[in-house]
Each structure stands twice: as structure tokens, then as C-alpha cells.
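See the structures that follow.
Both complexes below contain chain A, partnered by chain B and then by chain C.
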Partner chain A sequence: MQVHQQTSEHSDAIDLMVNMGPQHPSTHGVFRLVIWVDGERIVRVEPHIGYLHRGSEKICESEQYNQIVTLFDRLDYVGNLNNELAFCLAVEKLTETVVPERAEYIRVILCELNRIASHMLFYGVYGLDAGATTPMLYGFRERERVQELFESVTGARMMHNYIRIGGVKEDVPADFEKNVRKLLDDLKQGVEECDSLLSQNEMFLARTKGVGVISGDEALDYGVTGPALRASGVVEDVRVTDPYSIYERFDFGIPVGSMGDCWDRYFVRVEEMRESIKIIEQALSELPKGEISAKVRRIVRPPAGDVFIRTESPRGDLGVYIVSDGSDKPYRVKVRPPSFANLQALEYMLKDTYIADAVLVLGSIDIIMGEVDR
Partner chain B sequence: MTLTDHLIRAHHTIMTRRSNISSKSEAETSPTVEPLDQKGSDLLKNLKLTFAEYSETEVSVSLDMVVLRVEPERLVDVCELLKSNEKFLFNYLSCITVVDYEEQEELFEIVYHLVSIDYHHKLTMKVSLPSNSPVVPSIFKIWKSADWFEREAHDLFGIQFKGRENLPPLLLYEGFEGYPGRKSFPFHDYEEW
Partner chain C sequence: MKIQAPMIGFINGLLVTIKTTLRRPVTAEYPSVEKRLALSDRYMGFPALTWDYDVKEPYCTGCMVCVRECPTQCMSAQMKDNPKHEENLSRRRKIIDSFEINLGRCILCGICVDVCNFDAIEMSHEYELSKYQRNANRVNLNQLLDMGSSFQNKIGWKPKQPQKNSGVPQPPKASEESS
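Coming up: the complex of A and B.
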């Protein structure tokens, strides 16, 4: 960490400028945060992003629709399947493709598993942010189980390229149902273990309760979505309020916090894993037989027009806006990344907190720089 | 108070689960354009009523989106109305997109996606700007989430936001020349360093 001195304008005290990142393990990627402190209190922060800007949206304009799916894998590289789904749903809406039932169910099962894997990563890393090493081992153990299943289905651990326009790449292996049931049993136990290990730990509570508070209205104004918004007491989950795919068929709850502090943002995610398990169980018991992909032309040429789709990624409201001019390549692709908007609220959350809590507040938003910078 | 008391569990239950499935499979046999749902058509009706006397606005429908076209001069008024009017309550600005039509029509189109968390309806708002002076009023004062989206549009497309001059770069580095989001920006032939 570099430290610069600067004279303060309001008192004879000296404001220190502390530079956190971009190469700092607790910034969860290449993210730079400039913090001005008065003693130990944060006066002002200035987030700097863009270190990972690859121009993904611009690259999309020179690729065919089928080739873009794999670019979406690389936006939120912890919730890959959810990203693929968002893009495919948008193209399917534009081309009016009806996806076969079996594909829809496979998609939902895998996306919810991906949500659990993503929240497990958050759980482990957040424990580490708070100074506890053990949760990381538990979180990564569970995530590894999910990724093993992904590998058996999609062939890849992270960059799957499995969800395709019109359906999925190939049918799931014969032992898929058995494996998922076994995995769910493990995950159920894993979530309970994780919960009992950290959630009610006295030290953890002291570090996270009442820290980085944001009210529901304020969070909404900043465009915060997903678990971070629900922690502030706003009941908003795109899967329920603006249902896509087949989510309206499942029976699940929306965990909502009451304080809008770091602990609520953490615990909402733990509860979400339980709800995701419920969705997967229902989907698995209803998994129909049949086609896994609609008949889609090899080179997709949607009619001219534009479409905007909202989905619930593990981090929040993931939007995709596509403008088509009728050719085989999109005219414009815009991704509305949840982390990007959530990160805007960091300035508000960090104001007047202690500098020691900066890492915890940042960690509680659960940012992925791949989708912030695109 | 136990820890779990902090969690208000708002359970959402779809009562007509089975009937939903059957209606879905019927639709499968005859794929048609998804018409506006009830929320969408209510919104369309209300918009037409409210903006009847605004000659600068135009309401239309594309796929399942309700689209409101606004002249840049009226943007701030319209946004304030959309946020505060009881019929709309668009309290959440989802996203701001810039679409480059410089080559075809010499204009930039700015697309705002608004969502109402209370009513669960959504609106697409479009503003067209001439490409030789792309200036649009900032709506940062109305929705704070516009902050970074406007800075991104400024970085990548060179859109000027009235009321927010001298925006520092967000995604690009200090001193970057040109607007890489535009279609006219060369894809390969430029020096990176």
C-alpha cells in the first residue's frame, strides 16, 4: 500500500490518501480504490475501474451470434452459465425460437447449480476477507463438487459454451440425474456446515453487523440489484417479478434482509443457496425427455429490431440489449452487468466507516471485474 | 432476537403451477409474437394518456417492449415525471446504451431502460442525437445509477452530458484518444501504446 499525505481543508488534522489496489488480493480482481481517511475514518473514496476492459461489446459486433456465447462466458467468469443463458434468451426472443422443454429444464438446473457455486466462492472469499481461513476451504470444496459435475456435462470447468441459441449443446450424460441427486445431498450438508461455521461466529458478527449500511431506496437509486438489494429489504428477484425461461413453474422463496448491512448481504446469499437447491430438486423431478435443441439455422440471422432481456445472475440483474440489422452479426450488443451498477454504491456504503472495514464492505458486494470492465 | 429473525422470508408461490405448464405446451405448437402482457398494455395506455399533450414524445411497441421516444430538450422533464408520477414510479434505471447510426443516418441513439420495482413494468426510452454534436442532458440528478453509465457513454462514444462537463475517463486510461465504441473507430489498425 502506498500512502500519500495531503492537508485537509476542514481542520488542522491531516487527511491521508491510501491507495488500495489494483494489485491487492482483497480487491477481488484488478480494482483500484483510493481512500481518503481522517484518522481511521473514511472521508471519501474514489473507485477506479477499467483495468480489465477488453471491449467485449465491440468484439461482439464482429462475431456471428453463435460465436458470441463464448464471449459471454468471459464476462462474469464465476457465473458463466447464467451469462450464456442471458444472451441466448435475448437472441431467442428476437428470432422467436421456442426452446424444447428438456433444454429449458437442463438450463435451469445448471444455472441454479452455477448460482450455488458462485455463492460458495463468495462465502469462502468473504470469510477470508474477515480474517477467517477455514471458510475458504469449505466453500471451495463445495464449489469443486459443482464444477466436477459441470465438467461431466459440458466438458469444461469454467468456460462451458454449453447453452446455445435454441437449446443446449448436447444431451446430459446418462448418470446425470443420479449425479445431481448425489451432489444435492452433499451440497445440502455443505451449506449447513458453512452456515454453522461462520454465520453466527461472534467475531464475524462484530465485524459485519451494522457495517456498510445502505437503505433500500438508496440502493435502488444507485441501481444496486441482486442479493445486495434484497439485503436492504427490497423484494426484487427477476426470476419472480419478471420471470424468464421456466422459473414461474417452481416454488421457491426470496430471502430478504432487514438491515442492509454486510451481514445481511452475506446471509441472503447463504439462504439463496438453500432456495436454489429447492429449485433444482423440483426441476430434476420434472425433467422431461425429448429434444435438447430447437431447429435453428447454423448461421442465425434474426430479423431487424432490438430486444432487451433481464435475467437474475448470481450478482443481480443481468441485462442484455441486442440491436439487429438483419445480418448474421449483431449491430450492437450491450451488457448491463450487475456488478458494475452495484459497485457504484460502494462510495455511499463506505462513507464514515472505518478503514479496516473497507475490505469487508467491498467483499460484501461480491464484484467480478470481468463483467465490470467488460 | 435470534439471528434468523433478521430474515423476512417472503415466500412466493405460484398457485397455478400445473395449469401454467399445460398452457405453455399448447403455445409451443404455434409460435407467435409475444404480445404485450397486461402490465405492458396498462403502461402503454397510461403513457399515451399522459404524453398526449407532449408533441415531442412518441409512444410505440416493439416486440414486448414499450418504447417512448423523447426529444433531448424534454428528457429531464419526462424523466422526472416518469419517476415521480404515481402511475409509473420508475424508481430504477437499469441501463443506458448508445447505438451508433453515424454512417447511415448521422445520429446516435441513446437508449434508457427503466424498471418500476413497485409495478414490475419496464420501459425503453430512446433519444436521438445528431452525430456532429452529441449533447444530451444528464439524468444523474434523477437516478444516481446513471453516473457510471453516462461516464461509460462519454468514454466509448464521446457523448457529452449537459451538466456534467469534464468527466474523467472510467473504462479507458488517462489520455486515450478517440472513441473506441463507435463504428468508425478502427478495429485493428491503431497503435496501442
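Coming up: the complex of A and C.
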């Protein structure tokens, strides 16, 4: 940490400027937060992003459509399948491809598993942020189980390149259903364990209750989406309010918080894992037989035009906008990453909190820098 | 939120951790070859070239489709006329002359395997990338074939389209003679 002194614009007292990051274990990536403090209180923060900028959107313009899926894997590198899905849905809408039923079900099952894996990672590192080391071990254990299943289905633990335009890459292995059912049993138990380990822990409650509060209206104004918005009591989930793929067929709840503080943002995610398990169980019992991919040319050439699609990634409302000029490469790809918008509200949430809580508030909105910087 | 007696949450947490003392560890020891986790059948490691044991030559004909489709442009290939074809020992007219993949650049996406029409490239089960020289990850044709044949032996690999891609010369037919 570097420390500078500077006269504040807000008062005549001298504020300390504290530089948190870019190399800081609690910033969840390479992220720099400049904090002005007056004593222990935070006066103002200034997020600096761009340390992980890879120019993904620009690279998309020089890659063919089926190669771009690999780039989307690497935006939100914890919710890879959800990102692949968003891109493939956009291209399918542009080319008016009808995806076979079986592929849709496989996609939903894997995406929801991915949501659980992502929330488990959040659970683990959020425990660390709050100063508890044990939750990390439990969160990673459960995430590891999901990744093992991914490895047996997609061949990779994180960068799958499995969801393709028109369907999925290959059919699931023969023991897929059995494995998922076993995994779900483990996960149910795992979520319960995780929940009783941390959620009601008095020290954790004392640190997160009433910290970093944001009201529903404010959150909407800042463009916050996903669990961070639902924690403020707003019922908004793209899977329900603007269903894509086959989500309207499933019966699941949207967990919402009441206060909009760190604990709500944490607990909404724990509840969401339970809802995801419900979705997977329903999808698994209905999993139809049949084709796993529509007939798609090896080189996809969508008609000229543009398309926007929004999906619910583990972090929120993930939008993909594609402009096609009729060639095999897109003219422009724009991603609306949820983490980027959620990060905007950080300044509001951190105002007037203690500096010791800065890490907790930052952790509670669960940003992935690969997605923020793209 | 439920109202509860003080320290119940804390004690619940302790109960969870105490339970784990009674079970086996879930972790594996990585560098040890016997104790590391087993890979699943579909695991996608580095791409490797397959070896046609019937005619003792690679399946790869050097058609360059994979080179063009690779999103990271990490491979290069060159084809040559197949000397075995002239002696009628193989059906492949063209064969790979040199092939290089920069494994440090490869993102293990599997696109090269999808696009290859000759079953010539497979995602092997190799995944270790640490080397002593920077350029040691640029692997040439022989290394790729070594990786490929050990992978083939490990999983008992069979070509996906054996009729089309086998290199065993077939008895000449009248129609093929003329072409």
C-alpha cells in the first residue's frame, strides 16, 4: 500500500489517499482502488480499471464466428458456459437457427452447474475477504466437483468451448445423468454445510450486516444487475422476466434480499445455488433424446443486420450485441458485462464506510476483472 | 433472518468442521505420478498427431485446414508428395512434411480436431507446460507424433472414419485407375 497526503475537496481536513491494488490479493484480479480516508472513514473512492484489457471485442472482428466462442470463454472466466451461451444465442437469433431440444436441455443443465460453481467460488473468497479461511476450502471443494463433471463432459475444466452455434459440441457421455444426480446430492449437502458454516456466524454477521447498503432504486439507477440488485429487494432476473433458451419451462424462485447490504448480497447467492439445483433436477428429468446440434455450416455467415441478446450470467445481466455485414466475421461485437456495471455502484456503496470494510464491499459485488476490462 | 440464541451460528460452524476430521482428505498430491487425479476420457490436453500403424506413416496429409481454422494461429504445416504412394504402399497421395505447434500459444480449444477431415489430430492427455527453455514448447512433427502415438496406445484410439481415412492401399479398381 502506498500512502499519499492530499487536501480533500470535501472538507478542509487533510485526507489520506490510500492506493489499494493493482497487486492486492483482495481485489479479485488486477484492479486498483484509490481511497481517500478521513480517519477511518472513507470519503471517496476511485476505481481504476484496464489492467486486464485484452481487446477481446476488437479481436472478435478478426475472428470467425465459431472461433469467437473461445474468446467469450475468457471474458468471465468463472462463468464460462454462461458466456458461451450468450454469444451462441445471439448468433442463433441472427441466423434464425432452431436449436434441438436435447441441446437446449444440456445447455441449461451445464449453465446452471456453472452458476453453482461460480457462486461457490464467490462463497469461498468472500469468506476469505471477511477473514475466515475455512469457507474457502469448502467452497473450492464443491466447485471442484462441478469442474470434474465439466471435464468429463466438455473435456476442459474451465475453457470449455463446448456450447457451439446451433447446439453443443458433442453428446454428453453415457453416464452423464447418473453423474449429475450424484453431483447434485453432493452439492445439496455441500450448500447446507457451507450455509451453516458461515451464514449465521456471529462474527461474519457483525462484519457484513448493514455494511455497503444500497437501496433498490439507487441500484437500478447505477445499472446494477444480478444478485447484487436482487439483494436490494428488486425482483429482476432475466431468466424469468425476459426468458431465453428454455428457462420459462422450469419452476424456480428468485431469491431477493431486503436490506441491500453485504450480507444480503452474500445470502442471495447461497439461496440461488439451491434454486439452480432445482432447475437442474427438473431439466434432468425431462432431458429428451435426439439431435444435439442443428445443421450449421462450418463457416457461419449470418445475414447483414444486428442483434442484441441478454442473458443472466452468474454475475448479472450479460448482454451481447453483434453487427454483421454478411461476411464470416462480425463487423462489431459489443459485450455488456454485468461486473462492469456493478462496479459503478462501488463508489456509492463505499461512501462513509470504514476502510476495513472496503474489501468486504468490493468482494460482495463479485467482480471478475476479465469481464470488466474485456 | 431467524432470531437465534447467541453463538449458535458459531457452534454450527464448528460442528461442520469437526465432522471433516473423520473423513479422508479430498485433495490429491499433484506432482506425484501415482497420486495425482486421473483424467477423464474426454480430457483435452495438447493437440497431437496420430500415427497410422498399418502403413507406418502419419494420418496427416498436410491439408492445412487446421492451420487456417486455429483461432490463435499457433500451428504451421507443410505437405509433400508421399513417396509411399508412388510405391503403392499407401493410399495417401500427400503427406505431412513438417508440422509445428507452439503449445505455449495453444488455447486447447479443440477446433483443429473438429475441422480435420482425416482423423489426423487429437487432443492428447498431455498438459504439462513447464520447460527449461522458452522455445521448448514449440514442438515439431516428431514430438507431436510421439505424443499422439502414446495417447493412441493409452486409450486404444480408433479413427472415427476408418474406411475413408485408412492408409492401407486397396486393390486398384478400374475407376480409380483412370483418375
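To be clear about the criterion, the second predicted complex is superposed on the first by the 367 of 374 C-alpha atoms of A that agree within 3 Å, B and C clash if a C-alpha of one lies under 4 Å from a C-alpha of the other, contacts with A are read in each partner's own complex, and residues count from 1 in each chain.
Definition applied: a contact is a pair of C-beta atoms (placed from the backbone, for glycine too) under 8 Å apart; a residue touches a chain by one contact, two chains touch by 3 or more.
Keep in mind that what you see is a predicted model, and the values were worked out from it rather than measured.
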Open item on the list: In the overlaid three-chain picture, which partner chain does A:326 touch, first (chain B) or second (chain C), both, or neither?
Closed with: neither
TODO: Would you check which partner chain A:25 touches, where first means chain B only, second means chain C only, and both and neither mean what they say?
DONE: neither
Task: Partner chain in contact with A:200 - chain B first, chain C second, else both or neither - done: both
- [ ] With the two complexes superposed on chain A, say which partner A:66 touches: chain B (first), chain C (second), both, or neither.
- [x] second
- [ ] Determine, under the contact definition given at the top, whether A:210 touches first (chain B), second (chain C), both, or neither.
- [x] neither
Open item on the list: By the touch definition at the top of the document, which applies to A:141: first (chain B), second (chain C), both, or neither?
Closed with: second
Open item on the list: I'd like to know which partner A:303 touches here: chain B for first, chain C for second, both or neither.
Closed with: neither
Open item on the list: With both structures fitted on chain A, tell me whether chain B or chain C touches more of chain A's residues.
Closed with: B
TODO: Determine where on chain A the residues touched by chain B overlap those touched by chain C, and list them.
DONE: 199-200
TODO: Show which residues of chain B lie in contact with chain A when the two form their complex.
DONE: 3, 6-14, 17, 20-21, 24-25, 27-28, 31-34, 62-65, 91-95, 97, 99-100, 111, 113, 115, 117, 120, 122, 124, 143-145, 147-148, 169-173, 180-181, 183, 185, 187
Open item on the list: Per the contact definition, I'd like the list of chain C residues that touch chain A in the complex.
Closed with: 2, 4, 6-10, 12-13, 15-17, 26, 39-44, 69, 71, 107-111, 114-115, 123
Task: Residue ranges of chain A in contact with chain C within the complex - done: 63-64, 66-67, 70-71, 134, 138, 141, 144, 148, 151-156, 159, 161, 169, 173, 193, 196-205, 298
Task: Residues on chain A engaged by chain B in the complex (per definition of touch) - done: 49-50, 53, 55, 57-58, 61-62, 93-94, 96-98, 101, 199-200, 217, 220-223, 233-236, 240-242, 246, 248-259, 263-264, 267-268, 271, 305-308, 310, 317, 319, 321, 323, 331-332, 334, 336, 340-341, 343-344, 373-374
